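Below, each structure is written out as structure tokens.
After this come two complexes, each holding chain A, first together with chain B and then together with chain C.
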Partner chain A sequence: MSFSVSEKDYLYQSLSSKTPIRPDGRKSHQLRGIEASINFLPNSNGSSRIRLSDGSEVIISIKSKVVKMSTLADLIELDLTIDNLRDDLTFISDWTNILRNSLLRNFADKFECLKLTTRYYFKLYVDVLFLSSSSNARTTKTDTSFLQNPLSMISFGIYLALKSTRLPLLISNSNDKDIEELPTFNDDWSSTVLLYPQDEDEEIKENNTTSQNSSSPPLLFVLSVVKNNLFIDPSIEEQEISDCGLVIGWCSGKVVSPIESLNLNQSGSSEYIKGMHGQNIIEGIKMIENVAATVSKGLDEIVKDGNNSVFMDSIF
Partner chain B sequence: MEIITISKFNNNKGLNDEDEEMEDVSNNDQIVTPGELITEDTVWMRGHGTFALGNKTYSSVAGTILKVNKLLSVKPLKGRYTPETGDHIIGRVIEVGNRRWKVDIGARSDAVLLLGSVNLPGGILRRKSDTDELTMRNMLKEGDLLNCEVQSLFQDGSASLHTRSLKYGKLKNGIFLSVPRSLIIRSKNHSFVLQGNVSIILGVNGYIWIYKTPTVDNRLKTDSTASTASKLQSGVMGRQSGYQVGSGSVSLTRLEEESSWEIYSDKNDENISDAIRSNIIRYRNAIQALAHSQIGINESRINMAYEASMAYGSLGSLTEPEVMENISNDVLNGEKMRGS
Partner chain C sequence: MSNKELYSPEGLRLDGRRWNELKSFTCKVNTHQTSSDGSSYVQQGNTKVMCKVNGPLEPKSKANSNNNNASITVNLNIASFSPVERRKRPKSDRRIKEMMTILEKTFSETVITKLYPRTQIIVDCYVLSQDGGILSAVANSVTLALIDAGIAMYDFVSSINVGLYNNSIPILDLNHLEEGDMSFLTLGIVGKSEKLAMMLLEEKIPFDKLETLLGIGISGAQRIKDLMDEELRKHGKLLISTAAS
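After this line comes the complex of A and B, so read on.
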């Protein structure tokens, strides 16, 4: 299934004009509204759920495990499941890599917060489930033409999940250089510590030395490029006709890697794929710099509400 | 609670007084919910939307009870579109096959459009030839949207479509939108000319096409769908530009002229202004606001929602849930005020 020629032509004309009009009327830097909640999975360290108004949904669970240290890159495992699609499809492994790398490169404190002892670390398992709104519109399981790019939605979910992740409190000695001992933990959930400490106290904010502590997980933004215009968070229609896609990372106040181009067109028809101009990337980065801070502030609000909710206490 | 207490119909010979009394209890508008007991009577055959535990028949969906002779079924309120003969719908071609197109109409099974049920290029009165079979993809190909009517139904409930009228055919100059089919209110007419130079086709199957109103010149020739309003309008226009032969009527020769390859063209009009484009998006968002609040969609409500949306200058703000709810409230209040 695909769009008709005249439909695509109409959309392309609308989006490539000097005063572009998006098919849902959004401004070029306006994201779609999301509905998010956190900590809804009782048996994971952190979890989040994001829903889009079109019905697609991201569920993320973060679990931890104590491992003996090998390499830092092994400390985060990310698993991405999309509808019922096979997980060996190229685009799924591409997306997994982009998400995993952005986490590894921008992880807080250079993994210091996962460190337990000189020998032991926490390993995080990030499990992502993406349910696309178009799963019932598709005719076969391999038909991916109506799958929208979920990267930015998933990264928002990971952001929320990581911010709500709580790890057990270590009660054994943290220095086991000389005498090897297995780490033991406080088994009271209420004494767990947040992976990303919340800066509820204003003093911390003022104190610049602890700015490292208030760092955030990375966010990814997907942009669609149509001629000289850029559109954030493209819908399926916009993806179908975009010249090229661009994914830009943002972390703790600045644009970070990955900054990559990306094929947004899932249906595989190549007529609209054109590549982009260097200027587009610069404009894209500018756009993200303007938007991202607001997004992360909004997500932080959700975390703050969710962490203080009674719901949590009622379960544990 | 048992809903159907009768066991026989009026026309049944063996109807006794007791049954007649209870006749009034059952009416076909009765709404049942999943798991609700419909009847304990064993004479009924159980159809779609029902299930049985022992001798009792329960509803498996939310819907209305439908009885055909001894067959008892529940017609779901929500769910996929069930085609009916004469429905004006919009479909998307998904396959070009042997002398037929397979069309997605949002129903349980795909519909078919036979080569014999379309206007062949070059005139309606021509017989279809072998060349037509070979050039089917030039007329309609995968992904194309078309505006059509359900001609008949097959035994299995799938539909056979036709586009043998000038008001049907390929769609262009606009955008597509899909809403739950249960929200579309059936009416006499399903294509409307709206203000702001925008026209709309509300497919009974929940597929909607919003497009630029064809220019007066074209409309006189190709668009006989025009509602009364646009007929009046075009009549007035015709008078202003002097008398034109056949301007008010549809002639067969005109049909032949118009069913050239032009009707299967993929090219959009070149002069669609930004104003029209943003009007189209505004209508789209207005309809989406109605769908968001689960309000049935018809022409007057679309107009009201469109006017209500004017209070919000930027098109982007119309995607926010609060704004959508405000618009739907405005529509409902407006209806109360007018007493309709």
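After this line comes the complex of A and C, so read on.
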């Protein structure tokens, strides 16, 4: 987004004042509204789509594949595609790493669910397709100045997609230490197992006495820092003039890593990149602690609706 | 694949259709109001395609600028999760390039490009799920999105594929299993006419069978055109009624 100096100055003034006013009138801890749906890709184990009112959209598919055991870190592969941009750009691999690491670190007890036998595991492919709202404003294929930071939106999408993921039920013997055999599965889709069982499901609750029910995929929140003020889920205008960005993870009721600073200003005009005060991080964490539970509850409602209804044929 | 019976003696295909039956066809227009000038979503069976049109706008580079006509750029993005077995294709994949060129050529002929000199029309297509007939689904979605963008066209381009089973039985609107096992023809028809705007043959077919295949394809494509027309009129009525109230 290219703003004039006076526009930027106006935005900066209004956001850095003691009682900040955001351009869209939101409170500083208020997120933008999303439109979400799940389970619409027939060829995937789980899928989700999130749209924002500014027209940006993220489509996520989770696919599984049976692999021979190697290392646990290899069991999740994340692939991020943004519009028609080349996928070897630095910030795309940066974002991929942040998302993948946050998934791997907070997946601990779920690796057990991916385990099939002593030799075989499910490998999850998380494919993210992000369509920005401003792809037509871009001048070249490598111009990224119009791109807003999609991390928070993508992590919401991955949350929904993982919670809607169903894996086939193993019918062959799960112990193949002595005799090697290829795993076979029940080919009935209605007997598949949810990767993240729903809490309401009494049957599953009885079977899993461990803490599996309470665990959920990680969420990432992007905060924009303007002087001493913090703004959750900054819009592209706010990103443009923020001193610094902060990404904070949240999983199963507590703030988790990554807690990283990042550059929200993709257009690269350095005059607004200033860094932040240590106090901001603490305030940011406090803000996320207050907000995140509500967000995950809201997302869970979407999952509940989607998983209980029949397969969505169309997303429109 | 050969152990599967693609066409039973009773005349039924793997998914229960007869030889001349289409996959269930649904389409929507104006699905991405904020991020594009025209957009559409087409679903043919399990093939799902999204299309966004931006333009006519000022060309991004001089190379795309033509003093007499609009230039049409088609970007085709086949998601790595769209096939049954996950497969990531590089951007430079020859099959994708081929399809993009075919689409660009077809729509440069169908859009009245002389009305928009020195402009560029950018078409972005996203294949979310594939079950045969990608090219025809994409072509249909581009038609709808261009119409939604209000870009002047001579007529619809409606597209369908036809295969030849056992060198004797023509089969309409193949799914991915059938596509893997027989040679087929993808064709695009202009409006209600029998004029071909687009044609792509995979593998080979005997010359004397071509006419039968074309005939069946044309009637299939005309049916698709009717379905798209119906949806567009429904959308138009909705627009008028919301504008009036």
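FYI, the second predicted complex is superposed on the first by the 297 of 316 C-alpha atoms of A that agree within 3 Å, B and C clash if a C-alpha of one lies under 4 Å from a C-alpha of the other, contacts with A are read in each partner's own complex, and residues count from 1 in each chain.
As a working rule, a contact is a pair of C-beta atoms (placed from the backbone, for glycine too) under 8 Å apart; a residue touches a chain by one contact, two chains touch by 3 or more.
Because the structure is predicted, anything quoted here is derived from the model rather than measured.
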Contacts of A:S215 with chain B and chain C, given as first, second, both or neither: neither
A:S133 touches, of chain B and chain C: first, second, both or neither? second
Touched partner set for A:R32, first chain B, second chain C, both or neither: first
Which of chain B and chain C A:S53 touches, first, second, both or neither: both
Contacts of A:F3 with chain B and chain C, given as first, second, both or neither: first
Which of chain B and chain C A:S14 touches, first, second, both or neither: first
In the superposition, chain B vs chain C on chain A residues touched: C
Contacts of A:D24 with chain B and chain C, given as first, second, both or neither: first
Which of chain B and chain C A:S261 touches, first, second, both or neither: neither
Interface residues of chain A shared between complexes with chain B and chain C: 53, 139
Complex contact set, residues of chain A against chain C: 40-44, 53-57, 59, 61, 63, 65, 79, 81, 83-84, 86, 125, 127, 129, 131-136, 138-140, 313-316
Footprint of chain A on chain C - complex, ascending: 26, 28, 31-36, 41, 43, 46, 48, 52, 54-55, 57, 60-61, 75, 77, 79-84, 86, 88, 91, 122, 124, 126, 128-131
Chain B partner contacts - residues on chain A that touch it in the complex: 1-7, 9-11, 13-14, 17, 19, 21-27, 30, 32-33, 53, 139, 237
Contact footprint of chain A on chain B as seen in their complex: 92, 94, 104, 141-145, 170-176, 266-268, 272, 274, 277-278, 281-282, 284-285, 288, 292, 314-316, 318-321
